[in-house]
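One chain, subunit A, links the two complexes that follow: it is found with subunit B in the first and with subunit C in the second.
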Partner chain A sequence: MRKALMAAVAACALIAAGGTGQAQEKLRIGVMATLSGALTSGGEDGVRGAQIALKQRGGKIAGREVEFIIAATDASPDSALRAARKLVEQDKVQLILGPLSGSEGIAMRDYSKTVPNVTVVDASSGALETTYVNPSPNYFRFNSNGAMWMAGLGDYVFKDKGYKKLAVIGEDYSFPYTQVFGFALGYCKAGGQIVQRQWVPLGTKDFGSVIANIPDDVDAVFLALGGGDSVNFLNQYGQTGGKAKFVGGSIMVDQTVLSSRGNAKRLLVGTPSSGGVADAWDDPKWKAWVKAYQDAFPADKRFASPSLFATNYYNAFNGMATGLEKVNADLSDGGAKLRAELAKVELDAPNGPIKLDDDRQAIATTFITEVVETPNGELTNKFVRTVPNVSKTMGLSAEAFKAVGLPSRTNPECKP
Partner chain B sequence: MALAEPRLAIATPRPREGLAEVIARQGTAFWIVAALLLVMPLIANPFWLVQILAYAMILGMIALSLMFLAGYGGIVSLIQMTVAAFAAYLVAIFGDSAITQISLKWPWWTAVPVAILLATLFGTLGGALSVRTEGIYTIMITLAIGSAFYYLTLQNYTIFNGFSGFNGVLPPVFLGVDWGSTVPFYYLALGCAALAYAVVVYVSRAPFGLALQGTRDNPRRMAALGFDVVAHRIAAYAFASVIAAFAGVLLVWYQRQVSPGTGGVGPVVDILIIAVVGGLSRPIGPFIGALVYVLLRTFALDLLEGVGFEGKRYQLLIGLGFLVIVLFSPDGLIGIWQRLRDRYRRGRETQAAQMRVGGGSP
Partner chain C sequence: MSDFIGRRPIWSLVILIAVALLAFLIFAVWTPWMELTFGRKRVFLSALFNGITLGGLYFLVASGFTLIFGLMRNVNLAHGSLYLFGGYVGYSIGNLTGSWFAALIGAFVIVALAGMLMQVLLFRWMEGQDLRQTLVTIGLSIIVADLLLWGYGGDTFQVTTPDWLSGPIQLPFVVALRSNGEAVMMMYPLVRIAILIGAIILGVAMWLVLNRTRIGMLVRAGVDDRDMLSATGVRVQLVFIMVFAFGAGLAGLAGVVGGTFQSLQPGEDTKILLSSLVVVIVGGMGSIPGAAMGALIVGLAEQFGSVYMPTYAVMLTFVIMVVVLAIRPQGLAAVRR
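Our next item is the complex of A and B:
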């Protein structure tokens, strides 16, 4: 009996201790990343990006030591909400860096409205709706959305590559829809045709039927896959002996895939793509960032060069830090001053200048790239050209963009 | 269905016990835990109340419905999480959510009963499909139903809204109380969990539960005695589905949203893990299992980073934790507790016996 009582008292004490929290000496930043599921490698690289940015600032912002509290998600909105609530309610953070994935971003946008004192700086998620439909006043995004990353690619694929007819294979959630949406805007305007769209569940292991369904008469296949799914698809496509040409979505030809083991990735050589980074860009700022990335971690604990996720987390952290420095890391007003400063931040990022629009969405540079093999056998993205100052309406007027509708499995139609 | 007759036949030899006896029968541990749970809002912060305890109680209820089937009926059904997820989806579809083009905006007092009713029907039908199978085959069929439901929700946009599911599902404001705020939601979850626990305890001792345990131990003999074994099992599915459906409604209010991940293969298996880790022999087991599960899920990453390991291996720690529990006690945490208590008692008895012997000598 006495033992049971003691145990109960101890349990209470534990819970109470967990509740009191620590004095806000250190600046606590919650970092959300996909540390399980199909996008694990991307999430891990994202965390590396944020860690490098923090290290470059000596571990401090405005003189206050920074502590990262990492919360794992699996790219589903459920897991993102659980992670965010833990960060806000248990760890008492007022700053969140993340999430990584598209549907997580939409869930976080709505969650952020319920916690107005928390400032969320999106780190890589790319759904259009996140900052376009009912945007949240405490949600900032220093990366382009999935459609913006496709700006100019459709034109390039149609005119320079001469692919007139395409089939699409993508994962069945908001980010790939957004990518296909952005691609189709330019591609269909140029005169291209998308004859088929196949959507597969995130984390698909067996692409057999999908591969068998690819029409014979298309010039290329647009792949809007990511992480483990891309590698699985390429392996299985290689085994069937297929010879199709590909056009890649932004995370299809990212370092997370190009650095994977096995030979299947060689199918990607010659694949045009576009996104927020170009591995082999010779801009000095980009080179400096690549070097910082390569120096920060031993070769077996990182990719050959920073992935889109590492770069986005790096930029997001720097954006957040720039805002925090302006207000001397003072969050006592619930972050209102910080948010006013964040909206004005202009980043001179390694992947081109970034500023925010009225909905706190980045206006940034898109890179058109092509996969090539370097002499030492590594795959990398050759820089083709930049499309500067891409905004979320993709160069259309607000009304014209609104008329296109929102990304979905079928929108926009791309019939001749 | 020949349910009614045998029920009477068994009911007679067991005298009804009054409330006082029921209360007296519970041990001190029970009352300490009950009192602790009741005053918890005074000692724990909102995060612990909702994100740990209420969540554990909701998962515990779903695992309880599995424990009822597995422990008393010998049916290992993996469909319980799917029933809960279905109820959660129905609340979002019939009630209000941020996906206004699908949600029908019924008031909660129609949406919730309809959701529970339909989810129960779904669980009962799933049970009827798998009831003639045993052991691994039941697991296979129910798992197949579960993953079929997962892929349906993932790929259907007209009803289930695909990968994103429904967000903005808010708990109702009723009797002037916002049931979504911390303390009311905690008590709501606690009330539902306690009710589910009590009902399961009651049913397990009622004629129906005893007959169900009979069908578990010797279905052929029960059939020879005149019991309709299949009907009993389907009724057990229906009963378990009600509990799971209630938990599903709480789950969607807790998450404020529902998406295919809620009823994916991962969570389906997690419920089995919770029930097995907690212990399948007693109704309190699933709740203990759920608490351990939620704690591990929430803090494994912090724990690893705290001792200087790479945080990304957190799932390894979760898996190891469960492995150790199941390895050392096939009957879960309940089994460990029981063995410790038995050893303590035996130790005291031998001590007392030695004292008696020793007391005799000068």
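Our next item is the complex of A and C:
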């Protein structure tokens, strides 16, 4: 018995030694995702997206095996910094995929300047400032920002839906500011009015007072909430018996909310929205991606179709991998060659073509959608139309866009 | 009552005026001038009611906390974990049986058992060692939080409200007048009213048990002087286990209640622990009326804060705590000894 055990141990040791001797060192990629707090469900789906992308490449980039080191954040900038420092200082990664949330992105932009040998590929964060104000040379973003995801929605809501007056409820951080900013640019130009804006802390439990504060004389309420907050809001709104119509921010009507448990989400049926994906789009590439997503995980471990986060992480990983393949996954020069290649990457993504501008910010497609109920009771985003090639200046000239100012609680004003 | 007026005539007058003013604000039809200064009446009323119902939830959690502290001098920093655990257990039971009451009772019983185990297996062996107890409970809360994250994941859960409790109810308060003179009544979620009534009934029952029964007498005697009580031949350990189980059970029950009108997710444990710490510090450690008072103040502060000064709402509760600590460090309702 003892001998057999010894032999087994020896064999294991041999295999292990042989393994490290033969293969190249693994390529370690730090993946940041919000795995606690209000945006948990989004973070989990993001990780799924990256895992699928890696599996499609056989677990390898340029012949080197890839290892994900997942670092959890909670959507706050300081949690993102903690996670990034841990990845860089402790795990010694040179590649970071993430973060997920808006204010995390701004913090990571500044952090990335202090570690020039690390290449950060943003995975889903959507603040405008991240790639617009003092962009960092080693920070890349293959997804649109929150404003770009709103391109064309204002016009659609005003003209097609006929909502002339809106109230806004959003979480109090950069991404919802950016979404309202992007929406207001189009909506106010079309003639719409935003009469009230309420900002609540991320992770708000009790929306009672906020709901009571919604004015009676608005045509609809623009909701820039996400994840758990959206579900909480809808639940409590249903409890008060409210009947307002909604306009959704990109992650308000995303699968993270539409697949949630309970009945509150049904209030969203008929809600127009826009973002980086449309669940029920007919495009063959999109359908292939939905199928890959559905095949990769059992039905109770995923959403009905990939959320915005899964798609963004999928694209971000593919962008990073494309760049790495060009340089044969060689990072010995601190990633300088990789960054030169990354800037040139053009992705033929499931949600439309993506290329990067001079500030390493994606120019991509925005989808206008509307929530509908499928015959089997699931909620999905019906495809309305696309707005192709949205850039970060939203079709304005650089000067005109600069004159609008940066997203904030009050900008742009949107008074008649 | 008349005694209080005799002793504190000025304070009585202030309280009377405040109550009258509040009653006026609630029942009167607001003039345009008032709407201009205080915002719309519906917002004010809703903040008031939300604050009171939130206070009801905080009371459920904090009363167990304060009882355990008062009797055993044990600052149970795992109390928030008991809350979250109860919520998840209630969610699972509710899903299995489809009954909200089964969820409530099941959570109460199971978490009470967990509390019993905590007392028997852990705290008995470190009686009177404050620092050790504190560290052990913190450790326990971290372990429980991770176990719950492992079991239930990071998602947001909601205990399903029974049909007869969902939807709004009309309250007899006029919030506004339509242009044709018709009064608009206040609509308010029924489930919140039910929770508030439940909390009040429970609070009164607890007060009665503590002040009118033999068991309550034992507990009160234990709060005052533990050693003397055990010297008179009472099996103090049994009383401890009972109180710990009840306090833990209340936290579990509150978890289901909180999961019904708010939601459950990781991190909720520390949040509720923090709130109940503030409640207990404001109200006075070990006092049930204090817990009720503290819960009401913290609930109202949170809600009014979020409406009238959203940016500083988070700070407001702590400002209150600091003020109470500065002026009356033993807490508002604590008995001076």
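By our rule, the second predicted complex is superposed on the first by the 392 of 416 C-alpha atoms of A that agree within 3 Å, B and C clash if a C-alpha of one lies under 4 Å from a C-alpha of the other, contacts with A are read in each partner's own complex, and residues count from 1 in each chain.
Here is the rule we go by: contacts are C-beta pairs under 8 Å (C-beta built on N, C-alpha and C of every residue); 3 or more make two chains touch, one makes a residue touch a chain.
Being a predicted model, the structure only gives us computed values, none of them experimental.
Peer 1: Report for A:G182: first if it touches subunit B alone, second if subunit C alone, otherwise both or neither.
Peer 2: neither
Peer 1: Contacts for A:D74 in the overlay, against subunit B (first) and subunit C (second): which applies, first, second, both or neither?
Peer 2: Both subunit B and subunit C are touched by A:D74.
Peer 1: Which partner does A:E44 reach: the first (subunit B), the second (subunit C), both, or neither?
Peer 2: Touch status of A:E44: both partners.
Peer 1: Taking the superposition as given, does A:G352 touch the first partner, subunit B, the second, subunit C, both, or neither?
Peer 2: neither
Peer 1: Determine, under the contact definition given at the top, whether A:W199 touches first (subunit B), second (subunit C), both, or neither.
Peer 2: In the superposition, A:W199 touches subunit B and subunit C alike.
Peer 1: If we overlay the two complexes on their shared chain A, which of subunit B and subunit C does A:S36 touch? Say first, second, both or neither.
Peer 2: Touch partners of A:S36: subunit B and subunit C.
Peer 1: Would you check which partner chain A:D110 touches, where first means subunit B only, second means subunit C only, and both and neither mean what they say?
Peer 2: first
Peer 1: Would you sort A:R85 into first (subunit B), second (subunit C), both or neither based on which partner it touches?
Peer 2: first
Peer 1: Hey, what residues of subunit A end up touching subunit B and subunit C alike?
Peer 2: Shared contact residues on subunit A (touching subunit B in one complex, subunit C in the other): 35-36, 40, 44, 74, 172, 199, 201.
Peer 1: Provide the residue numbers of subunit A that touch subunit C in the complex, in ascending order.
Peer 2: Touch list, subunit A to subunit C: 35-38, 40-41, 43-44, 74, 172, 198-201, 203, 205-206, 208-213, 227-228, 231-232, 235-236, 238-241, 260-262, 264.
Peer 1: In their shared complex, at which residues does subunit A touch subunit B?
Peer 2: Going through subunit A, the ones touching subunit B are 1, 4-5, 8, 11-12, 15-16, 18-19, 35-36, 40, 44, 69-72, 74, 76-79, 81-82, 85-86, 89-90, 103, 106-107, 110, 172-174, 199, 201-202, 408-409.
Peer 1: Name, in rising order, each residue of subunit C that touches subunit A in their complex.
Peer 2: Residues in contact with subunit A: 39-40, 42-43, 45-47, 49-50, 54, 149, 153-158, 160-161, 166-168, 187-192, 261-263, 265-267, 302-303, 306-307, 310, 313-314.
Peer 1: What residues on subunit B touch subunit A, complex-wise?
Peer 2: 28-29, 32, 36, 43-48, 50-51, 98, 151, 154-155, 157, 162-165, 167-168, 255-262, 264, 298, 301-302, 305, 311-312, 314-315
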